[in-house]
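These are the structures in question, set out in turn.
Presented sequentially are two complexes of chain A, the first with chain B as partner and the second with chain C.
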Partner chain A sequence: MVKSLKSSLVAKGLFIMMLTLFLFLPFIPLVIWSFTKQWPWPLLLPEKWSLDSWNYLFSVSGRAGEGLLNSWIVAFLTLIGNLLIGIPASRGLAQNEFKGKRVIFAILLAPLFIPYTVSIIGMHDLAIQFDFLNEYVSVAFAHLLVTLPYFIATIWFQFRLIGNKLQEAALSLGASEWKIFIWIEAPLLIPSVLLGSFLVIVISFSQYLPTWIMSGGTLQTIPLVIFPFANSGNSSIVAAYSLLFFIPILFLLLVYYLLLRINSRKQFMKRG
Partner chain B sequence: MKKFTIVVLLFLLILSGCSSDAKNNSKQPGETSLKSDWKEITAEAKGSKVNFFMWGGDEGINRYIDEWVAPLVKEQYGIEVKRYPMDATEFINKLMTEKHANKKSGEMDVLWVNGENFKIAKQQELLLGPFTSKLPNFNQFVDTKSNDINYDFGFPTEGYEAPWGKVQFVFAYDANKISNPPKSIAELKEWVKKNPGKFTYPAPPDFTGSAFIRHVLHEESNDYNAYLNGYNEALIKADADQVWNALNELEPFLWREGKSYPQSISQLEQLYKNGEVWMTMGYDEANASNLIKSGEFPASTKTFVFDQGTLSNTHFLAIPYNAPNPNGALILINTLLSPSAQLKKMELEYWGENMSLSVDRLSEKDKKTMAAIDRGPATLTQQELSSHRIPEIGAEYVQWLERGWMKNVAND
Partner chain C sequence: MWRTTKISNQLNKYKGLLGILPALLFMLIFFLGGTLHSLSLSFESKETFSLVLQEEKFWAYKELINVTFLQSIGVTVGIAAAVSVLSGVTGLIASLFLVERSRHWKWLNIIFQAPVGIPHLLSAYLFMQVLMQSGWYSRFAYQIGWIDSIEAFPVLVHDEWGVGVILAYMWKEVPFIILLISPFILKLFSDWREQSIALGGSFSQTVRWVIVPILLPMWVGGMWVVFAFTLGAYEIPALLASTSFGSIPVEAFQEYSQFGLERQPIAIAMNMVLAGISFLVGSILIFLQLRWYNQGRRVW
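This part shows the complex of A and B:
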């Protein structure tokens, strides 16, 4: 028994190590490239190292700070929009039966299936009409369209899992809809809201075209800062920017797990 | 849930309230600034912001604008310069959409255009109008009569764009491997036969590869000067066979026996860095020096031009029809055309590119400064370059040759 337990532990450890390696392997050349200007093919490691790319990133021209800040502001606004529209929408879809429900569901999820270019063309005209809006708001609006399906799909599923029973019980005891939402549904929704929010922020971070079109290229988020270098063959700069791009995502992942843990502990304590 | 809807609506209402003040300001239409004199323009532009849209793929160029030009303009005129990286094709498309939607005030003040996009922009009336005569530095330092200022790839500029810089095509080679580089297409043919596999050029329509085959046209055509006038298909048809023959004669001795070509200049440079080919080329006479400095090219790299000359062209700055700040745009362009800005641009520290001003018109002091600029170990002298210059031909010929190359050389 003990022996097989040990060997299974070893196997597990090996598996996790392999998986980590697999996930981190692509990052190794990125890190190396960001510290050198020249890394010709047969060499295992570059001959000359330099900090030039990182210096550039944090210089006036590099706009790393500006890009990060703008990305965060837009992602935050997008998240607020998702919370305000996505939660009621998925609640309605999960708990009610009405005519045309499938159609509405399909429309809400449409951005997932419709080729990007189609919706982008429409967005282009929209951008000019909505010129009076603040840049951040109009870009967040475009991101909202892109992220909403992911958010709704996540929350909708959780609402289905919660079902109607608890709410009906509360209703029969005279609770209002708001009270039901705040005291019963909201706490049960937390894990999926966290996951949905994480998805929304990460997807918002990686948008290039919607940002470009809605702001006319003037709102420099991280993808917009990176893009001019993507075709220039300057691998070193691209590598440095890509790493910069991953830092907030890793940070978010940590926050997500932390919040999830705090939440589940709370639930456990309540029950205990 | 009704309350919820109200909250959502309220939120959207608040959001629509926070429109940016920059866009709502009533703007001086561009026409008035073309009528005002320089003093009024300077006074009007004070405290404003200029948006400079330009290709952003080079650290040195970006740093030149952000670290040197922007602080200077801020100090001298109180204008904030903001650089936005964007490809020329993208901002011309953007401008077309805006024109279509009749958008009166856009976001772009100054554009760095290339010949092809300038032609589209001018034909579709996307540009503000003739403005170069407004600029004191243009009138004082630019040779306003010369062809490379008045034509952009064969298309008349008519003051709709101001010359920012000049570049010349050069070939680069590793002096450790080649002692006597070929100085003409004929010599190149001999050289590749002796050194098979050590030369190639990017496949047109790549910008550099396309320029390379125009050098073949220059040396093989009966009268290259005839190409500088309007488009005449009969003319190029008559010369085309000689061009394809020369290129097909090279082909079996190229890298990989000409079975494949590098797709871009960065691929060709990669082959050169790896030592697979011994020569490279580019539409920038200081590029090799720049790459030696950054450690990407071997220090033994040198450059040369053909005895009969290499292509040179001028690149320009334009102002779109709906520039929100045309006065600021004029100030910025004027500053970029100042001798001090052009001399700074020539230094390898930022860019290393040649000036668009006429050297004869510079002050003695500036001439001395210019002579003292170290353009890098691989860059040819000004004398050598300017005595070996040939003009560009019209964009229609360029496209005709690119299509013909696919048919007669690549698929042959």
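This part shows the complex of A and C:
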């Protein structure tokens, strides 16, 4: 009994260690590569360090600034779309019981379960016919299709946790629908809206195929800038680009935790 | 007064439902409509002015019926299935440990969930960097003394079996599964652990007879999401698989982007096949889930 317990502990430790290494180790050479140009094979660390890749990144041909700007614009538009149509939808789904709810839910989450490339090709062809649509807007539409299921699932879950009791109390005290939303639901919803927005922005940042198809390969967001370099095998430049990619994500994570803390300090009522 | 609350309740009900409408319309128009529009595009004839338009309607699909494409389907579905099952199992085991240990090791949570925020393109690149024959792991192996030349390190990138592809996907999807199911496992543990201890159950028995059965629908759903994503994703096989590997998303995107407008129906047809497979697998899963529920196993 003791022996088997010990061996299972060893197995557990080994599993966790393997998984941790598997997930963490690949980051190390990335950081190293971004600060060197030459790193021949059996060396674990390069001999010469340089900042050339970082300088190239922000030069005219590096296009990092342009890529970042485009990515942010698209992500911002996508987020607005999500907030506008995602929150009411999750509210409706969480607070009402009706026939066919499962079907509607399934339709809203469909892009999670069925590859969406086909529909984006179709959307692109439609967008060509409405060619007054701005490139940013049409790409944001494609990203909205990809991100909406995640957003709705996140917000829906929080609405389920909030329940209906407080709203009913407010209703019986004569509050209007809008007042209930603004004074009761919105404050309770903030943590999950932050999480959902974080997901939306991160997912929108990382889209390659939808952006390419929707813009015909012309809108240079960060993944579209990086891909040719990654394919050509210029390790140093790609490494620098990748780190550049992490910076906004880390920044967002920081903002998320900061806002969450401010919010939880303000909030005297425990959520859930 | 009583009447007005009743009426306003009714109104609220409809208002709430009204909120669903924009999102529903969006999905219907763009997801379903986009798919149908694509479908109609794929039926377009090679030369629209040709007289044999009617007979040529399914040419794109007919062109796909050959051994190479069937092999490609096998490879793509096989990779997606392998990735989803491996990630599902690893993710489940990892989140069980996390829940057991999370109070002591907070940092594990961060490492185990960090890759969710990192794009697939970069995960492909990270794995290229470490798995290549001249990569970081092979340097390690050399320094330790496991291998004595660069060729002795196994070919894991651009290889025959897609090992690099599967590993790169797992690096992204295991954390996704953990993120998805660990909150639920945490809740299940706080609800059921004491009861199962009182009944004399060990940890593994609790997992086997309480956690897994309750979690099953969500866990399988998560694996389906991974399966569908892997089936349609482009970046990782494009960077890590050899050119003759036969990943359908890569082939379809080549057709779409490089070979001109008249090959576009082929690209659509390929993607349509993928969507069809995912739909089929999903239908089977839903059928099984309903049967599972009908046996009275539904807990929430």
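Here are some notes:
Keep in mind that, in the parts below, the second predicted complex is superposed on the first by the 231 of 272 C-alpha atoms of A that agree within 3 Å, B and C clash if a C-alpha of one lies under 4 Å from a C-alpha of the other, contacts with A are read in each partner's own complex, and residues count from 1 in each chain.
Following the convention adopted for this analysis, a residue touches a chain if its C-beta (ideal position, glycine included) is under 8 Å from a C-beta of that chain, and two chains touch if they have at least 3 such contacts.
The structure presented is a predicted model; accordingly, all values stated were derived computationally and were not measured.
Of the two partner chains placed by the overlay, chain B and chain C both lie in contact with A:Leu84.
Look at A:Phe159: by the touch rule set out above, it reaches neither chain B nor chain C. With both structures placed on the common chain, the touch criterion links A:Phe35 to neither chain B nor chain C. Considering which of chain B and chain C touches more of chain A, the answer is C. Once the two complexes are laid over each other on the shared chain, residue contacts for A:Trp54 go to neither chain B nor chain C. In the superposed pair of complexes, A:Gln220 makes contact with chain B only, with no contact to chain C.
Of the two partner chains placed by the overlay, only chain B lies in contact with A:Asn134; chain C stays clear of it.
By the touch criterion defined above, A:Thr20 lies against chain C but remains apart from chain B after alignment on the C-alpha atoms of chain A. Judged by the touch definition given at the top, the superposed model places A:Asp125 against both chain B and chain C. After overlaying the two complexes on the shared chain, residue contacts for A:Trp178 are found with chain B alone; chain C is out of touch.
On chain A, the surface touched by chain B in one complex and the surface touched by chain C in the other have residues 41, 84-85, 88, 125, 177, 217, 227, 231 in common. Taken together, the chain C residues at the contact with chain A in this complex read 5, 8-9, 12-13, 15-20, 22-24, 26-28, 30-39, 41, 90, 93-94, 97, 101, 108, 111-112, 114-122, 124-130, 134-136, 138-140, 142-143, 150, 171, 174-175, 224-225, 228-229, 231-235, 238-239, 249, 252-253, 256-257, 264, 267-268, 271-272, 274-275, 278-279, 282.
Of all residues in chain B, those touching chain A in their complex are 1, 3-5, 7-8, 11, 15-16, 18-20, 23-24, 51, 53, 55-59, 62-63, 65-67, 70, 83-87, 90-91, 94, 97-98, 101, 103, 106-107, 264, 266, 269-270, 273-274, 294-296. Interface of chain A with chain B (complex): residues 37-38, 40-41, 48, 50, 52, 56, 59-61, 80, 84-85, 88, 124-125, 128, 131-135, 137, 177-178, 216-218, 220, 224-225, 227-229, 231-234, 237.
Chain A meets chain C in the complex at residues 12, 15-16, 19-20, 22-30, 33, 41-44, 84-89, 91-93, 95-96, 98, 104, 107-108, 110-123, 125-126, 141, 144-145, 148, 152, 171-172, 177, 202, 205-206, 208-209, 212-213, 217, 223, 226-227, 230-231, 235, 238-239, 242, 245-246, 249, 253.
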